[in-house]
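Heads up, the next two complexes both have chain A, just with different partners, chain B and then chain C.
After this line comes the complex of A and B, so read on.
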């Protein structure tokens, strides 16, 4: 038995692996600068396209001039950057995404179904000053991971027991639109004696039923996002596994007294614990516990199109998710041993889908959605900011004469039918619209197809505020 | 109120009716697009802004009267004297008279040119101040559509000046999605890059030179004259760098504002100054007292130069100034060390 094996035996596999990766990181970070950027967002909020565009612009930062607000690039201090993702187990499919965006007609990348990593090394010239002592050039390693937003919603489960989760879900499913969609399935739950010995086939049927309820809620008119467990919506590598045959027990009368071993209730509870231990925890401790900075992407326009239920649901989902990250001041030593997030940026994506004079309103509306989460984060003394951004600009600003007045509008290609349209999509409200205002007449934020993104010769007009995101997130590390 | 405020609903538009605002991305059309839809807003804003406090009006009356009467007395006095000179010249000989008139004409023409120049400089200074104020205001504002006046002003100011094409280029490069604050930040960073670098070099050079001169010159009164002379030269050069015609009136006004700025410096600048003084003392403890004086004079010149740069630059300066002070202090000590 080798020493490593013995250690593992004593302390547990996971901890040894964790300690080893920490040590590895320590060695790396003490010599070079390292930044783990958390790109957080619900599904369809534009994480993949954000990462694609960010990496693409950074890889060309040394010559393109497409990032005027990113100081290190604008002042020509970026020597070169290199994509190190190929060394990873699951490299980010940058090439495919870029190929899709640069072909004719260009296409948005496919929705993400699995986890992937990007690692970028950026070599820069240090500005004149004390840090020059360390050498004329420095290297910053930037780590980003991409994952399906559905899985993010599993993180809050780590803090809850099975009973707490069931109670919370019962409350959720008491409200519309969940109650209506889940009506039939809930009735099935009532027919079963939960203390009786479990029949796996029945559980499987119920789990499948719950998964289809979640799918309906997700794709339905309200487009809900607070759907747990996340693997039931998108199983990933666990497709067909028993581990994810899990659903919350939403019954009026919780069976009292001792729970017999091997009963339905016992089995469900142990599955929940397994789900937390074997699926969420490794995912969390491997990828989510060691971030330095965070950007939270929110699709505000979706909530405006879908209505109040979607708005409230997204708000709840975001606050739940953001509670599972570590926030706090992150000094040099902290960053080495137990990094915490010390800067958070809230960004509303698809800023190109509204006219430029509405960007300010979009910021304000975003603050409505993330209000609670932002308050908690600020309480920890963390710097936050909100911003309207567009990773890839798919529309052109234009003007039209309407009834004798000039109206600014957008011109782009509709994603739905591929035809060119011109549209003033309505004003973004700065406070929560009343019940009467959620209607088709007031806003119609249609989805646009992307405009072609060149593989070279990037310009500032290919994105909106991506450079400011970079400056805010990484600017101080290049000084 | 703005009419676009009224229109809240979504509107589909006919493609043919569109005026593509960004058809030709490098043309100034893109920039023009921002103002057009919210012109009313700017007018609203100006209305609020222009309400002045009427209090100091009364005092002005006497001052104006004094200036006017003094001017009238001097003009009539000089005019009468000149007339007597001319008539005396003609009474002696026709040639002498013609000689006098030619001299007087030369004087009048050159004087006129001087006055015109200095008025131009004054006007440019005033313009700069106005642009500066407007930019500062826009920095506080997070909406969109108020930057048109600033852009038009900048464009007018730098349009026909050689060596300032970077300003016009930067205005062309502005993105239609930028908010007013971003417009100012973008221009402040990218429009005046070369000018800023030149101004910083100029300040540094003059400060180090005057510091070294003071440290080496043996007469105390001479020092004062030297520093004053270097400072005036520097002011003129900085004004020139930012495209302000260096007339006497403009220079005088600039000097006045610079001194005013120095005298009523804010707490932060005081702090910088205290810092540089501390730095000075630690450096000069190894040098003679005279070298310390030189360092003080150099830092004073640097402060004057930065103040002048702030006044001549049409956009607010956002970078830190500590670096210039450091560089000046180091430069003086190095030169003195080398010359010893």
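After this line comes the complex of A and C, so read on.
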């Protein structure tokens, strides 16, 4: 006789059933899980589209078969999903993005400029073996937080004085393309007596000038990423605030003697300290410290297309970003908060722009770029992986003949002229490109026009590996 | 004052130096190392060329820079290497193979049909940190043993009775292409009264017939590998021996009643038991049990070219071969000997027949084929890896234009017409091929004529990844 039947024998059926259902309720509540999954990347890495498509597939996981490698969905264990984002302080613009992407032709969403989040509640049936212990169903509260990778570039400032930062920036702005783009603005620095009493209006004008230099570097042909301060590029909630009216004073303009209180330089220096204390540190302690897992998006193909300067700068920027996950080395990160991120996924977007037999090379190429950072992260006990994906798949496989052999190609709509094309899209390198490759303009991946994201009847062919992302980042929590 | 100086102070310089040099000699002798590295593969997987080229590069490691990823060689620590093979009972025909391969045009060596070995003594300088403890130099005695993979196919016989083996073979020979090739021979089996007193001459004729059926299956268009008994295919030292006059009696010819002593069937059955006891077991206990590490060569490209039957048969044969490394499951292997193999490398030869950006896919494809076997091997605590290589590199990288993109191609001498060609060599699949791929004759990798292996001035470009093989298989022993 089982415990249940014994109890029924002693105290009657109904009371046992009631007790049992309460017990289950309790077990369930006590095992409700919460996961804060952060998504970042340098601007134009495709964060907004990634989150929109991921959440869309997730909200349909209980009825569409679009996520074959996401076990809880593929085995039919998802009961239902609810979007609770309205309860968030910074809701992610999911509805607008989805409306745009599902039009024909689709409208690309505007890039987000600050932090926002999607909050989901996913109700799932537990695997057979756990039902008796934990109850029939469970709920995962999944918060997906979007924030600019640029903000993580500010981390090193916390370990530098204003003067040290100015020295570093002086070196950086001595090189191209920074020197040329900043030429006019740099000249203006020379017109100021930095020991004279400060006029905030003048500082504001120079800060605006510097911000526009950074924007030019970011959106110009080289598409640079390693730009500080991060909030001068993407201010987020600090747009218009005096706190971000900050720029480096190149070291040749520094006065040799004392810096008088209230002078330009004095004000700038205290702005720097405020920036560190009131912007950088709070971001880490309020937000970053609460992330459980992290996805870092990288657009490898765009970077290859733009050439060596963009590529090298992106590599440097990624390394700087990844310092934030490197608890072991950054002692002061540990002082700021108790780290809890246990998994970091690096994802190369736009895998649909190369043929399927190159996805593996794309994984590998991304690994080459983040190799050192990954090693450090692993050393700190964080699990990490690299993966090529496509948030919305815009191409289909095609074949061509070449020297009597089959050559894998792609079919899609050319972004340039809107016509259907079938072509060989180019090769992903398997080693970091050498000088020869850059000179030859070896990499010219073409841009395919996006396909619309259907509102219903989602299928696995509408994305590449979003299911693997979900399985890797959340699979262990659907128990 | 160090110990040495103290000793000199007490007992005089010369005696201390003498004692010290004896101590070093002792330390060195006691740390001489011996490694038995076995190389196998199904016939025509390129074992002879692999061993010839590997040993040739190794014998030149102290003066050529041809092995950049083999640390002891790349760091200049190899002092000298000597070939001690003449001391072996079964010397590998290195000199002849090398003479042929270094001609222009090169002569391909004849395939070896039995077990043979190269014995090398490699003297090396120890890494700086270990010199004081172990002495300036050390010696690795490296035996490289070549044996046919076909012999490992006999392992399952040890766990079967003759009748069970006959049942299995009956099933196998009911399918194509075996049924058709064996048709005439199978008819001959029906002409014998298997309970009548045996005439050894008749059995010999039938055994010869069966051996020639196996040869046809092996060298025919399907190029089958899963052929038993292994010694009927490659007799080695048993060529002409009565011990290998063995074949299966298809189960429909088995008499229903008693098997009289001295009858055909009785003799055949005792041959089977002798084959197990006197050939299979001694090979495992005398040779296999003494191997320290193992390389298994596979020609993935040839198998893809030959089509589905060849491919599936090769997969089955590899699985059977790998049972020999699967100590955990094969309890009787443990009863035969104490296993000591701690590393198994799977290598796909002819990597030079595909472009460099596909080497990774070739690694991966090989992994797909040996996936399950590798999992079992790892479970038994053996380290294992898959790697695409080329023993003698016959092609160079070339580029073509396709849809405005650069397409990686190869330049080499066509084996068919001896002319220099530059062409796209075809794609290695990243998944196991489906029915569609086989029907379309998707895989038609062309054969390039071999380049000669230079006798001197070896360079890294003369092979692909032989250095990685050496580092993986022996690197840890050069300490």
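One rule holds in what follows: the second predicted complex is superposed on the first by the 389 of 479 C-alpha atoms of A that agree within 3 Å, B and C clash if a C-alpha of one lies under 4 Å from a C-alpha of the other, contacts with A are read in each partner's own complex, and residues count from 1 in each chain.
The rule is short, and it goes like this: contacts are C-beta pairs under 8 Å (C-beta built on N, C-alpha and C of every residue); 3 or more make two chains touch, one makes a residue touch a chain.
If you're wondering where the values come from, they're calculated on a predicted model, not measured in any experiment.
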item	value
Contacts of A:69 with chain B and chain C, given as first, second, both or neither	first
Touched partner set for A:158, first chain B, second chain C, both or neither	neither
Dominant toucher of chain A (residue count), chain B or chain C	B
Partner chain(s) touched by A:406 [first = chain B, second = chain C, both, neither]	both
Which of chain B and chain C A:455 touches, first, second, both or neither	neither
Touched partner set for A:397, first chain B, second chain C, both or neither	first
Partner chain in contact with A:465 - chain B first, chain C second, else both or neither	first
Which of chain B and chain C A:430 touches, first, second, both or neither	second
Overlapping contact positions on chain A, where the chain C interface meets the chain B interface	356-357, 359-360, 400, 402, 405-409, 423-427, 440, 442, 444
Contact footprint of chain B on chain A as seen in their complex	68-69, 74, 129, 351-352, 356-357, 359-360, 363, 390, 393, 396-402, 405-409, 411, 420-427, 440-444, 460-461, 464-465, 468
Residue ranges of chain B in contact with chain A within the complex	3-4, 7-15, 17-22, 25, 33-34, 36-38, 142-145, 173, 175-179, 182, 185-186, 189-190, 323
Touching residues (chain side chain C, partner chain A) in the complex	356-361, 364, 400, 402-409, 423-430, 440, 442, 444
